[in-house]
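The structures come next, written out as structure tokens.
Shared between the two complexes below is chain A, which has chain B as its partner in the first and chain C in the second.
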Partner chain A sequence: MYLLEQLINGICQGSIYALMAIGYAVIYGVVGLVTFTYGEIIMMGSFSAFYYFILFGDNLFFALIAGFITAAVVGIVVHKVCYQRFLDAPRYISLICTIGMSMFLKNFATIVFGSEMKGMPAFFAGKFIEIGTIRVGYMQLLIIGVVIALSLVLTIYLKKTRMGMKLRAVSQDKKAAALVGINVKTTTLIGNCIGCGLGGVAGILLGVYYNSVLPTMGGMAGLKAFSSMVLGGLGSISGAAIGGVLIGVVENLGIALTSSGLRDVFAFLLLVLVLVIRPQGLFGKKGN
Partner chain B sequence: MTEKLKTFYNKRKTIILLVLFAMAIALPFLIEKGSVMSLIVRIMFYIILASSLNIINGYSGQFNIGHAGFVLIGSYTLSILAQLGWPIWVLYILAGVVTSIIGLIIALPTLRLRGIYLALVTLGFSEILRLIALNWTGLTGGPMGIKGIPAPWFFGLRSTAPHNYYFIVLFFVIICLFTSYRVINSKVGRAWMSIREDDHAAMSLGVDIRKYKAINFMFGAFWAGVGGALMAPFYTFIDSSMFSLDEGFNILSMVIIGGQGTLIGPVVGSVVVNLTTEIFRFADEARLLIYAIMIMAMMWIRPQGLAGTSRSVIANRSLGKERGTFLKKLLKKKEVK
Partner chain C sequence: MLKVDNLVVNYGYIQALRDVSLEIKENEIITLIGGNGAGKSSTLMAISNLVKKTSGTVTFDGRDISRMDPDKIVSLGIAHVPEGRNIFKKLSVEENLLIGTITNKKISKKEINDRVEEMFVIFPRLKERRKKSGGSLSGGEQQMLAIARGLMLKPRLLMMDEPSLGLAPIIVEEIFELMEDVKKSGMTILLIEQNAMLALNVADRGYVLQNGEIVLTGTGKELLDNPEVKKAYLGI
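Right after this comes the complex of A and B.
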């Protein structure tokens, strides 16, 4: 029973990772560059919700929207500083630039927001559904629901709308997209903003789930997002989602069997194993 | 500028090297302040670490961003065995050997991987090693770290005072740079560079890529281990938080700022980065902000690094077809207006 409960915790946490990874996959697909700033964008989203709760009261729905917008705005800054200039340059240049940006945002947040841990308001505290002997919290259901809803919206957006079509075209081939008359620059920027916004929402969910926000929370979150995406296969959105859930489940089952200090060891061990056995990721295509 | 310096250096190689060596020897006698001296020792640690990373990233084109993991292995190897009473001098080398074996173990399954996948594996390994060090309390002291690491005997002096420890570090820095220089200008070094430029072409010319990549990783890891081992007796205390991913990024920034794929680059990077962070110490937390801005500005203005030439492939591609610096571009824009 204990293991089953951990499994549910894992799915819940994994769905937050999945949302982060989906955002990352959108960014990676459209921009085509790896970023280390993503964790800090998650953190910024989380903090925007924290201040939203203080200023306007505890309304989770509007806080999520505020987080999306804040993260998207930060995304524009990151795009201007780290990607736009280096799209054709060797990849590591923009990578280093994002490392610098991540350092900047982290320390900026530490100075402006303070380095101590801040509490988030608890939603549905202590409320849960009992199925047999297993308890599933309202919060967990809400998180899973939000993640599923957002992924559905994103899928419809990418598949059915004109803008989504442009985004997919750009992520497949920038030159060909430009040839058929798509404004690659703007589309890249918009794609990056959407990815960052999803990351911001995931950050809020993470903050609400653990009832705390920290300026340094981004580093590990960003790495988990990155790992989830690579686990599923670079740039594949559904793969990223599955990778995220998988990492969440493995982590929680792992700490249930050993000690909680080893949480991240399991995540990275899974990642290293997958990369060594199947470098293109679980659902990636060969030859990349 | 760099071209002129290069020709000047090539003309009077021996004299310049001798003068530099004499200056390095004289340095601790000229500087009395302990704090300045310990800054210099710290710079020299990072020269070793950045050079070792440069061997991996700059010369064979593999992308290792979890270098802190190797440093951790070296540091902990020395600290644990030193507490059991092993002689420190032997341990410096042994730490390097252990680290290079770990480097081989990491390299073997990852030889197939390239670019970002390899980067991710090294990152994961670095973090796994740190978390193991944090949680294996019996061996590593866990969150408490290891205290009271003894310093080696050196001409009858057993002291961690920076003035004495400087000579030990200087010894290893010279050996590190010298061996790197020799290896890079050997068959092995040329094989690494051919892999960096084009691995398929290298393979078709009969370069055993897997073997040379593994050697590359081992060589880099060896010096990272020695560098980590050197750090431990100087600080007399280590814990796992000293080897976080940020530390790995820090070393990487030094290599990039100095200039990848040049022998002198990591030296320049280490000096510049450590000095600037030291100068801005008064700014307290904002110090890291300045560092971050410096990294980004570097990528905008001079992505090939301070010591890299403007003829480098990196420099040309990133700034578009036209050559010239960022400042020149700015000036041009003004003229148009």
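Right after this comes the complex of A and C.
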């Protein structure tokens, strides 16, 4: 029973990772580049919710929207500073610029918000449903529900809308996209904003799940998002989602069997093992 | 309708195009021939503004499009079917066609579907594979898809970069027949081709490029009969 409960904890945490990884995969797709600022985007989303709760009260739904918008706006800044100016330059310049941007945002947050850990309000504290002898918290159900809902909305958006098709086209081949008349610059900007927005929402879920926010929380979060995406196969959105859930489950089962200090060890051990056996990731195609 | 004046394109220290000028009139088929690295693809890329021009101007219907964004140029009615069949490998055949019209918000869904059906009449093989992903098609089918995607725009000028590259002779023939049909429908075509014989046979006029310069120009027939062209490009 204990393990089964840990499995549910893992799925819940994994779905937060999954949402982060989905956002990361969208960004990786349209920008065509790994970003190091993503963890800080997650952190900014989380902090926007923290201040939303203080200013406007404990409404989680609106806080999620505020987090999405805040993270998307930070995404625009990242795009303007790190990508747009270096479109014709070697790609590593943008990459290094995102490292700088990450340091800047982390320190900016430390100065403005303070370096100490801040508490988030607890939603549905102590409320759970019992299935047999297993307890599942309302909060956990809510998190899993939000992640599934957002994934569905994103899938429909990408498959059914004009803009979604443009995003997929730009992800696959920027030159061909320009040749059918797609404005690659604007489409990349929008894709980057959507990816960052999803990261911001994931940051809020992370914050309320652990009841805390911290300016340095982005480092590990960004790394987990990146690992989940690589585990699933670079650039594959469904792969990223499954990679995220898998990392969450392995982490929680791992610490259930050993000690909680080893959480990150299990996550990255899984990543290394999978990459040794399948370098293209679980669902990636060879040669991509 | 399209005029290129004194076009110069540099890739780093390498001069890809030096002083290229050419003119295309309404409803002509113009071909650019020349060896590898002569600057044929660079000329098309410069017209589409996919490479930076060092100097020179491109005008379309008297309008300067030298510095216009590539997507704007497409919306003016210039379709570019690139070399190497830049189709979208993960999109289905049908989506690849639909995306050809994605930037034109004025045309109705029905009109788009009509155009897709029209393409399926021209290329029945694409209809059989409409739900398959672009990447699963054979080389010839991908080329057809790339051309069909260009035609979906109903462009005024269709630029094709090496449509016969790597294709079986029978498919090449089909594509060239198609080109003559397309011309009859009122379109203008700018064609790059390594198969100079085929290209000059369908073309109204041709330009010969060598080391980034235009060295010869004339009607298709004149160039076919030119002893230098015969020796260098026709292998006679």
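Here is the rule we use: the second predicted complex is superposed on the first by the 283 of 288 C-alpha atoms of A that agree within 3 Å, B and C clash if a C-alpha of one lies under 4 Å from a C-alpha of the other, contacts with A are read in each partner's own complex, and residues count from 1 in each chain.
The rule is short, and it goes like this: a contact is a pair of C-beta atoms (placed from the backbone, for glycine too) under 8 Å apart; a residue touches a chain by one contact, two chains touch by 3 or more.
Because the structure is predicted, anything quoted here is derived from the model rather than measured.
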After the superposition on A, what does A:34 contact: first (chain B), second (chain C), both or neither? first
Check the residue A:54 against both partner chains and state whether it touches chain B (first), chain C (second), both, or neither. neither
Taking the superposition on A as described, I'd like to know which of chain B and chain C A:180 touches: first, second, both or neither. second
Per the contact definition in the header, classify A:259: touching chain B only (first), chain C only (second), both, or neither. first
Examine A:3 and indicate which partner it touches, taking first as chain B and second as chain C; both and neither are also allowed. neither
Just checking: does A:125 make contact with chain B only, chain C only, both, or neither of them? Give me first, second, both or neither. neither
May I ask you to name which of chain B and chain C touches more residues of chain A? B
Under the stated touch criterion, which partner chain does A:100 make contact with: chain B (first), chain C (second), both, or neither? first
Touch check for A:149: first (chain B), second (chain C), both, or neither? neither
Across the two complexes, find the residues of chain A that touch chain B and also touch chain C. 88
Once bound in the complex, which stretches of chain A touch chain C? 88, 162, 165-166, 168-169, 172-173, 175-176, 178-185
In the complex, the residues of chain A that touch chain B are 34, 81-82, 85-86, 88-94, 96-97, 99-101, 103-104, 107-108, 110-111, 219, 223, 226-227, 230, 234, 259, 261-262, 264-265, 268-269, 271-272, 275-276, 279
In their shared complex, at which residues does chain B touch chain A? 63, 109-110, 112-113, 115-117, 119-121, 123-125, 127-128, 131-132, 134-135, 245-246, 249, 252-253, 256, 285-286, 288-289, 291-296, 299-300, 303, 313-314, 317-318, 320
Per the touch rule, the chain C residues reaching chain A in their complex are 48, 50, 52, 69-71, 74-75, 79-80, 82, 86-91, 95, 98-100, 102-104, 149, 153
